[in-house]
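Shared between the two complexes below is chain A, which pairs with chain B and chain C, respectively.
Right after this comes the complex of A and B.
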């Protein structure tokens, strides 16, 4: 044992020449490069596999444009990472793809919707709207019987073999040929087959579902007598249509009243008196939604009120939480304070609960008749914490203060610790009062660190949907507006209501609002960050 | 390495490609939907998640009989309608969707549902179910359940049904209860739950035409009865019998803890009450007038997508299968809501609770599904909430009427 061990050490020992040392270094480096290369290949293989799957799916759905783009991106990504030269691109590519997918695409798509009339009644394409109108205009002829029908076929053409329920006679017709009596094979009183035609099985009927649905066999030569249609391939009914579509003139005519509806360019067939046939379809309406948001008085009123309140809410929320947090943080700096950890845990508690849950609990506590605050704390006072317009605003700010100050407290504590004690001592030496030291020295130093966080907090509160949705639901409602907004609604919760509540959705208008919000937040962010830079340069 | 012009161009190309890559998930393509090989043999049905199991048996039996595979997809109740409206036009939606009749106006206005011909079976359904499934003279829904509110009475506290609204309050007070009667409201009111009292004053929202369809041009909410109702509601608010601070949860707690003996609510809350050990009886809604208090009826059913490539199978599955007594009873067992098929409803009414709701439902009127109703809901609740909280009933009701008629125009 000892022998082998000693020989091993002996072999390991020989002194290396400089040449050997450099060779070892190169081998090492090559090994490292190999590891990276393997990792790179594995990662790219995953990307390529996903892309290949996507291409396969897209191919099945005939999505040629997307397929081409996916292929192009994949090839590009492979090229970038296998190339020895594209070093900046290697770092930028993942970030840019994510930026495009999650930010630019979302924003562009929202902007696009904002320029359309997408919403209730304008949901699909024009073809779909016409098909839907035609279907719903079918009226069953009054007192007409139920016909037993059999779907039959001859050289690709479908026909209906109809049994008249009154006399049991069989007749046959197609889309083009009205019903004519035929000699048919009967089975249980129902005509099931006729010479020269193949009877379709149920599976065949299902396979040609669309054709069967389109099958309308004229009852007689007179089109006003209606046509027999079947929905399930077994029973047929006699229908007349109240609408006629003229493809060349692009008009719909109501046969009962004679009213002509024309495409008004706004996504619906409209009569001269302005009556619209719905469903309509989606069209590009340009800046109509933006114009409406800013000029329609029933929308502009609430929009302005909500915008003003959104700013007040965001600014006051940031200010109150920041100053309360700062105050508490400064108290904690006092070395004479005892039980610091216990207090700290209590202060951070609100931060530890999910915000929407806290808001929900607050909503319960603030109930006018049964809430804890009125019942227990105020001895049965009936204060409308959430129902009076002004008090509701105050409640929202109060709850947000409760939810938000722990964060500011933590941030300020960190920032205050970063300010050297010498600054304080220098101030004292120069005879400054504690307030002057705080106001002139500590606060500016603090703001340099904290301002970006305040801006982020402003942006967060500007869109603080959770709190509003769970606490007041935006209420109390404005009483006479065209959109269901309320006194405590923020822009974001108003957008939600316009787009996703009630029976008349307006995705176009909601998207227009969203773009307006985006512009406001972006402008504020840009201005604020410029200001921050100026602050930094001061130091 | 410098970032040269070429690499920026490359990145730009990448960016564009990714946009479309992200968009492909939601993009519409009509060409794609027609050539799916298995489209004819699979029927996609969107169902409330809780009812997937109830339909499973029927779906399997139908597959066995016809060879058509029925693919039941459980969807979140709250999202099913919006998802359907958004996906149907892309051709990627389901063939059949389960829903409620008051969606009809919205679905039909968006053109996403196809008519259903019930034919001779139409007469087999409860009249209210049939009426609710029809929109502007066309039937779009195969109904399977009828739901309406009624009075849940705590029979241990009050053994006898109340004869009128005042009698109900008096009985409860005699039993020593501070709030004998609870009904769910909220800061924005809840007109659905107050509607029986409004109809008792002879003020429906819309008048009906000869065929029983709601006529949006005939707004009835502001008739004389409407103002009488508003005055009555103001008095009830002042007396504390109706309170906007009572939301669904508070009403539930008060009833299950025995603080209230009468609870105006629907079958969906019966289970909660019986689980809490309350001896529940179902009574007609005590009217504040001599006329009957008619609640809204909500009818549940199935719609066929207008973009389905499988309409024949879809119609066959609904009309000739879901419309049978066995399947309706099976759905009843899962939801405990009165079946829409008369024969199934009579069988289900062996349960006294269901029988109670059926009796009340005989007076029920379908909730209007016309889009004009959206304009009513928008103002209705807040006006009622204001009146309950002491606003002048006449002026507030007049404003409601004006706002609604302006919005409908």
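Right after this comes the complex of A and C.
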């Protein structure tokens, strides 16, 4: 280690002249820091290259906000790692970037979605909804000219290369981009290829015939002008929509029935009789979702029932697993007991086995008609372990006891070892019974160590999605509710079901639930921190 | 589970009453609870060896023994089990490793350096972690739908996107746990190295990382197990059967109990669990230490 010269510069970094800095740099290089420097430059070069690519792609998509953010973060990262100060930042930056993007941003985004009507039928912008409505009602124009078309592809996206039958000009468009004139390779008066795109062979067209038939390339910017569609990838025809959008009046008119649909302000075109055209689009609805969650009785009922059960489940799970684990740990304190290691390995196996597999296995064993428990253990009984509301709750708790007690067993063994034997001896001297020693001395000492773990375990069970989803799927379902929730659903599995299962995905409502849960979790967190002062040791 | 009343088993020991009062009852409880713990695992092993694929067919434990279902699940083109296994290992290993590394970097800064925002940073990390990432699954899904349009390589239906989301939790309880462990390493070691001319990076990579290896192993293992078990985000993000992880794939295999390929599932479960169980049993002593320092199964 010869580079003592440079060491002081890292931590204190007094103001330096340029000459001093270059001298320090040379000393660094001489002292074997060259490898670190090269490594650092290589890593940063990779980061910058990726960022440059990202900026390029975002530029092509006109995503200016994201582009600005990416640029700013990249510059910041370069500055941090080339700076001679900012040492803590060098260690914290990777984690913080990931935390901000994938946790803090998603959390804020969740709050935003909770204020919109995002979900099935409302998942895009108004322009997309208009385009989609008109595409869904396209009919072929009688006596329209026949266009020669060629199906082309670029990075998975299909496009149509269209030759105009009147002037022979070639133009290109996709589902999203209207036809625009291009310089194409012509063959027998038909445009067959264009730079940057791959022409699909006849076999390709056949293989992707569904996609080809779905193609509807807008004729012009105005959706009322219709679109070119093709059945066989050879001939195209002009189709126009039976819906006509009037931009100035902001209405949709169905030309076949004459019904006029107007923007109802809630993200859909609605006729006077109240009929909605779907898909609609995403709009800001303020606190509607929250109001619905708390006042609509078909939602509030299940929400309250699920919230109550979530607390019962989490508390009972922590209590049962802890007491069984503690009992076993104390059992094993006996030094004369044989075969302890053998028992211990058997007892912790449920913890080692992947929990989602265990839950599915229990679901199989508890099946009402074919399961092992009813068929074999109970000789053909028909007990609805997972289908009766109360028994299902019991089953969930039983399986969670199975899953959770080994963890508590391990924890209690560790914690009991930390309690000195003198405590016991002193108790015996004072004439205390074993139960008194346990109740008055050992348990309080043990709780000091394990309370943070019990809180963590409560938090884990509060959100124990896997167990519920794999074992009962939340069922049996509540009757007469507007949301797919059931008697054993926890808040988190209910959110998942509202958002991702069933015919109607309601992202807005699910996100509103999420924010409500977050408030509950945050309150519990604050209270438990106050109580345990877990952060007191931070200085 | 209370000890059952049928306690009078013939145990050949002379002063039976005294032996039973002292250790005998302990064996009794241990046996009962061990049976409770082991039974579902024996059942799944038996089911995996049973060639008749249905749930009912597997009820007679070890009535038929064969490896048909193992062969079936490994070779059936409809069930890309080897691919699921590979995907799970890729995601869990890369995430576990990177998570530990990023977490250790942060723990080093928090433990060894004093800077403005340190206390607030530590508290933020713990509090944000209270909000489970999977609750934001809707936002994650919508965010990745947009990312798919710009960068398909990390968008929906990619393992790299899934890894990135999981890494969002790299700073969190794990960092907090490591921070506690880093604090137990005497600072005099760093100072001695500094006097010998080592910079902060050299101290971190060549001295500290070696000394904290046990906690890195524990955190890595717990993250690994947590990721192997993660269903919610993986099921939303991974669409094609070929891209899915074991959790998502195997769950679909038995989602309808009537038509479930039960023994195939059991065989898949046994193969998926064996490596995890072995590693777990080998490292269990370290894990006990790590757990009592504040981790949780998750």
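The definition used in the following text is that the second predicted complex is superposed on the first by the 362 of 539 C-alpha atoms of A that agree within 3 Å, B and C clash if a C-alpha of one lies under 4 Å from a C-alpha of the other, contacts with A are read in each partner's own complex, and residues count from 1 in each chain.
Here is the rule we go by: contacts are C-beta pairs under 8 Å (C-beta built on N, C-alpha and C of every residue); 3 or more make two chains touch, one makes a residue touch a chain.
Small disclaimer: the values here were computed from a predicted structure and weren't measured.
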item	value
First, second, both or neither for A:314, with chain B first and chain C second	neither
Chain touching more of chain A, residue-wise (chain B, chain C)	C
Partner chain(s) touched by A:140 [first = chain B, second = chain C, both, neither]	first
Contacts of A:328 with chain B and chain C, given as first, second, both or neither	second
Chain B versus chain C as contact partner of A:191, first or second or both or neither	neither
Contacts of A:356 with chain B and chain C, given as first, second, both or neither	second
Which of chain B and chain C A:87 touches, first, second, both or neither	both
Which of chain B and chain C A:95 touches, first, second, both or neither	second
Touched partner set for A:161, first chain B, second chain C, both or neither	neither
Contacts of A:372 with chain B and chain C, given as first, second, both or neither	second
Interface residues of chain A shared between complexes with chain B and chain C	54, 58, 61, 63, 66, 87-88, 92, 96, 101, 104-105, 109, 367, 370, 500
Contacting residues of chain A [partner chain C, same complex]	1-4, 6-7, 10-11, 31, 33, 36, 54, 57-58, 61, 63, 66, 87-88, 90-92, 94-96, 98-99, 101-107, 109-110, 113, 118, 155-156, 324, 327-328, 331-332, 334, 336-339, 343, 345-358, 360-365, 367, 370-372, 375-376, 401-402, 404-407, 410-411, 413-415, 418, 449-450, 452-453, 456-457, 459-460, 463, 465-466, 469-470, 492, 495-496, 499-500, 507, 510-511, 514, 517-518, 521-522, 525, 535, 538-539
Chain A-facing residues of chain B, complex	1-3, 7, 10-11, 13-24, 27-32, 34-35, 40-41, 66-68, 82, 85-86, 88-89, 105-106, 108-112, 114-117, 119-120, 136-138, 187-188, 243-247, 250, 306-307, 309-313, 315-316, 319-320, 371, 373-374, 377-379, 382, 386, 389, 399, 403, 407
Contact footprint of chain A on chain C as seen in their complex	1, 22-23, 26-27, 29-30, 33-34, 36-38, 40-41, 43-44, 47, 54-56, 58-60, 102-103, 105-106, 108-109, 113, 115, 118-119, 121-123, 125-128, 130-143, 149-152, 164-165, 167-173, 175, 194, 196-202, 204, 225, 228-229, 231-232, 236, 247, 250-251, 254, 257, 260, 262, 265-266, 269, 272-273, 276-277, 280-281, 284, 287-289, 291-292, 294-298
Touch list for chain A against partner chain B, complex	54, 58, 60-63, 65-66, 69-70, 72-73, 76-77, 80, 85-89, 92-93, 96-97, 100-101, 104-105, 108-109, 120-121, 123-125, 128-129, 131-133, 135-136, 138-140, 146, 202-203, 205-207, 209-210, 212-213, 231-235, 237, 278-279, 367-370, 386-387, 472-473, 475-477, 479-480, 482, 484, 500, 502-504
